[in-house]
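Which chain is which? They are A, B, C and D, in the order written, and residues in each are numbered from 1.
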């Protein structure tokens, strides 16, 4: 927990440094660069490299609560980010040594949870993705063979061998269409039309598989995360596990930084909030402070009236929000929770007279 | 409520003026335009500008029921639509001043609810969209770097630096394929094939995320809106909230202008209707007038026979429609509602003899 | 009902004639066509025209059970298919008169139910489709304006006016990329990259909206159709409407021509069948004939063994099939149906000894 | 069962041989190939051919448990893979005879189950896919006709006939955009813009239909397969069929080779496992061996603690895995199963003290 603030700072900084570094790498390859600019850019790269060296040191020295094995991927990225440019500095000529800083492309993979998510989707759908890729390969080779047979006599310099025809096939099948190799015969053009249509179909299959797999994995991860958060809200603790499953499915987790206005007086509200961690301040005539386990915003869902007070985050707050639709489902099947929420609402309404 | 008719007129008018204005802006840039045409087009622009000035005045002067803060976006658009062309008129030479009228592109954003919807989807899916965009960036830079290394010696004028190679990479990764920069070596072409396939995959991920996010947000908004409308139908008011949730999910809201034929005698009906606001006329031998809270079209769902009478809107009518599939679900789980609907149907059938 | 066989024949014939006719129209436009071929093709067109005239006569004369108003679209297509070429014959020169036969493109719209389905989807999703199209328009104009400002001095012959730049913008935004207009400056290329990415995003939104809308409409139509078919199966008639809804959702309708083998002895079965209309023959040692209201194939779902006999259609058969997954759901929540099916299965097993 | 190990080896081998063979075929078409290389490649092809001959022999001679009729597709592929190259060797000149080895493209179809899946999806969605393809055809012909009329006078060598214009139309509608035929007039460019937008729309429809159909078919197949596996787990056998359906929907089947680490001590667990076939070893201080019908990994789901021991596969293991979300649903609606799992968990916790 103690290293969390550090991580909060280091994630955007680490990514920004990578972006700046990669821009410098790209700039260094432009021809006719004045020697002075080149020199400054190289110093910039050395600076970023030094920052990454510090980060590596911090990563290795400061103890973490996480098991070391779980940190292998990020430590590997950190080591590579330092070692590869250093090795290039030692063994590669000046012209190309900066190119090896492109290893910093891996840095964002270290911070984002998205890539882990993507990895799981690809693993779950591997069988289908391989299947579609096989079709891609079969159509590609078949199209190249047919184009070779059809066009080799008319355009020997473009379709004179299957590898050459395959270049045409991949450019056409992906509907990129550079236009450097174009079949001229009628048969070749009919073939090209069919290849384009196959390309669209294969693309559509790919999109369908990835979209479906993505959607399922996101839902599953949300469930696991919310399950842990729900345990921190007293109101939910006395529920049976069937009701709990329902609630966990309904809630959406959100983290807001200190100072954020969570809901504003006069707005039409379509969600209520449960506080998992942190404090919020309710701007009633006598401001009220709510902490972990409290909830607010329920009145807008019960009465349909606009928000009666502005609520803002005092500290960084971890929230679970419940939309109107799910609130209705929840309260209708769990009269206990409904009663508890309504009782609080009535008490508050007494305490907070509406202007 | 009193400004609603005005808004009804102003929305399509405001958008049409913007379209006409933008066409004029485009026309003014064509070379060799006769001075007379140019003059007329400029007068047209001034006219549209004057109309927008009037609209701005109306917006600021006439009081609205909505809170001012909620109107900030549309007021901002209105102010910009007037101020930017005026500033251009003062400070920019004649050749380019009309270009600043392009700020009218923002006008449609003011009227449509679609953009608010899209904004929410993008906010909800921000984490995943940023993730895919990062992949796009990483593949883009990696591809440009590889293409630069592979092709720089063979085609120095096209792949001579990473920024140049990046142009090729973005054109290929988006499968646009202008054909101005094409790798010639075998390695470059294999790389290009992989980049095209990655492009399709990234596109597919993007489509999947947006489609999923869109679908969920639309369903949520429909629920909130229908929830408010359902309260106006007496038949539904005695239901428990579990049944109410079910109904709200099933209904589809629709607004039809006065005079519309809602269902036509002899048609096969697959939905029944509940009136939220307005009046309809049932063209039986003795025409019947139905008002808010009534329902019609239920017989087609109960007996499966074609519509026995034509129903048309007398005033603008706000309707909730219930499809056959949902009607069955609803009546099977709520015998009360089923009885009420059937009783009305039998009474009507007595009153409206079938020809 | 009596005209059904005629329709069965006329649908593929009408479509085939249209295809042949359109190929002839296309062929007639090729330059240097020998006069003799031209003559023959024209005679072919006249023949198809005569066939459509006959069809129009049949449509107008033979009485139909359907209400005339419902037939307006198809009658309109039939009238146009005859009238437009005839008018062209009278008033247009010989070179172009055959082009007017392209009105036959409308013929497939007359037969397929797909276009009605598509029409409903577009109507349901109109608001969202218009929204995305607006974004397309806004990005298009914005991109053209920016490209014009950026590139007009460097490439006046390509980006010299907004309409010219708009051609580049539409070619790029749709990721078509002809390559005839390409920005050369750095700013122009960054703009182009952003436009390509927007194009992919807009495309993704479009795909998501259409896919979702399509899916919902297909499910709704299936439900309405199956609902009517289920009424013909005695086994289902004593069910309450809640169970009926469940069954209607599970079943899939299918029509097979006479002679088709519906299931084959020894196959692994994952569905059972209910006969709505027609007869099937079960190839047991003593062949059994089953008619409307019967079911078969249930044993494979109960015991998991391969099919014990081949079943083929004696007449054209309208079937409802029930997959293993839905069979389990159905029988577990409706013990009555489960008992009835199991009893029949046991009787049959007695009668049909397994080899 | 006895031929299973052979199949396990033959599937990747058969596919690899096909890939190597096709690369050789492609290489043989490159011009100016040294005679020696050509000779070696031809010997390679003969070798692969011989391997396929062996495989064919094995297929025909060794008896299989599967019905012969079910094997027709794969036997056909095997026969063609041998017969076509042999016939080409006899009757075709040396230059082209190797091309006939491209029949080996069919080999992957023989092994993968993906193609059968795809076949079913296409069959199920045939009506809609044909509908979209008709739209594609109609738009294609309409666009070609319009482009021909608009551009024939300005560019007779490119748009001089409908077939020529159709080449432009297919290249544009698929957003390939070679850039060899480009409309020059304003009307032609507006047409092109509309064609590109239609292309994107058609693509979106296609993607939506395939994605939906694919998703439904995959779910159905998973259900049928899991249904059979669940029968092998004693814990599930006493459940009623309603609960069984629920479980079968929740489980995910997986086969892991011997030696795989299934879960690792210290990991956060989000799933538990049921063994259908094979043995695993639990690396507790006194290693425990679990066989078919056992389950493990339940503690992580009950307590939320990290895995307390590493589990690895001793033999090839067929597993059913249950995710946290489904575990909660399952145990909340089936107290019996919940009790059985918890009891085992407590016993094990006694036996396996946590470090």
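We take it that a contact is a pair of C-beta atoms (placed from the backbone, for glycine too) under 8 Å apart; a residue touches a chain by one contact, two chains touch by 3 or more.
The structure displayed is predicted, hence computed values, not measured ones.
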{"item": "Remaining connected clusters, assuming chain C were absent and nothing shifted", "value": "one piece"}
{"item": "Option reproducing the contacts of A-B, where over half of them reappear, out of A-C, B-D or A-D", "value": "A-D"}
{"item": "Longest centre-to-centre distance from chain C, chain (CA-based)", "value": "A"}
{"item": "Fitted rotation between chain C and its twin chain D in degrees, CA, nearest 5", "value": "90"}
{"item": "Same or different residue numbers at the chain B/chain C copy interface, by half rule", "value": "different"}
{"item": "Centroid distance [mean C-alpha coordinates] between chain C and chain B, Å", "value": "26"}
{"item": "Distance from the mean Cα position of chain C to that of chain A, given in whole angstrom", "value": "37"}
{"item": "Touching two or more other chains - residue numbers and ranges from chain C", "value": "163, 175-179, 203, 207, 209, 211-212"}
{"item": "Complex interface listing, chain A residues touching chain C", "value": "175-179, 207"}
{"item": "Interfacial residue positions of chain A with respect to chain D in the complex", "value": "67, 69-70, 127-128, 130-132, 134-135, 138, 141-142, 144-145, 148-149, 156, 160-163, 166, 172, 175-179, 182, 186, 189, 192-193, 196-197, 199-201, 203-205, 207-209, 211-212, 220, 223-224, 227-228, 240-242, 244-245, 248"}
{"item": "Chain C residues touching chain D - in the complex, by the definition given at the top", "value": "22, 25-27, 29-31, 99, 102, 105, 108, 112-115, 117-118, 136, 163, 167, 170-171, 174-180, 203, 206-207, 209-212, 214-215, 218, 264, 266-267, 270, 304, 323-325, 328-329, 331-333"}
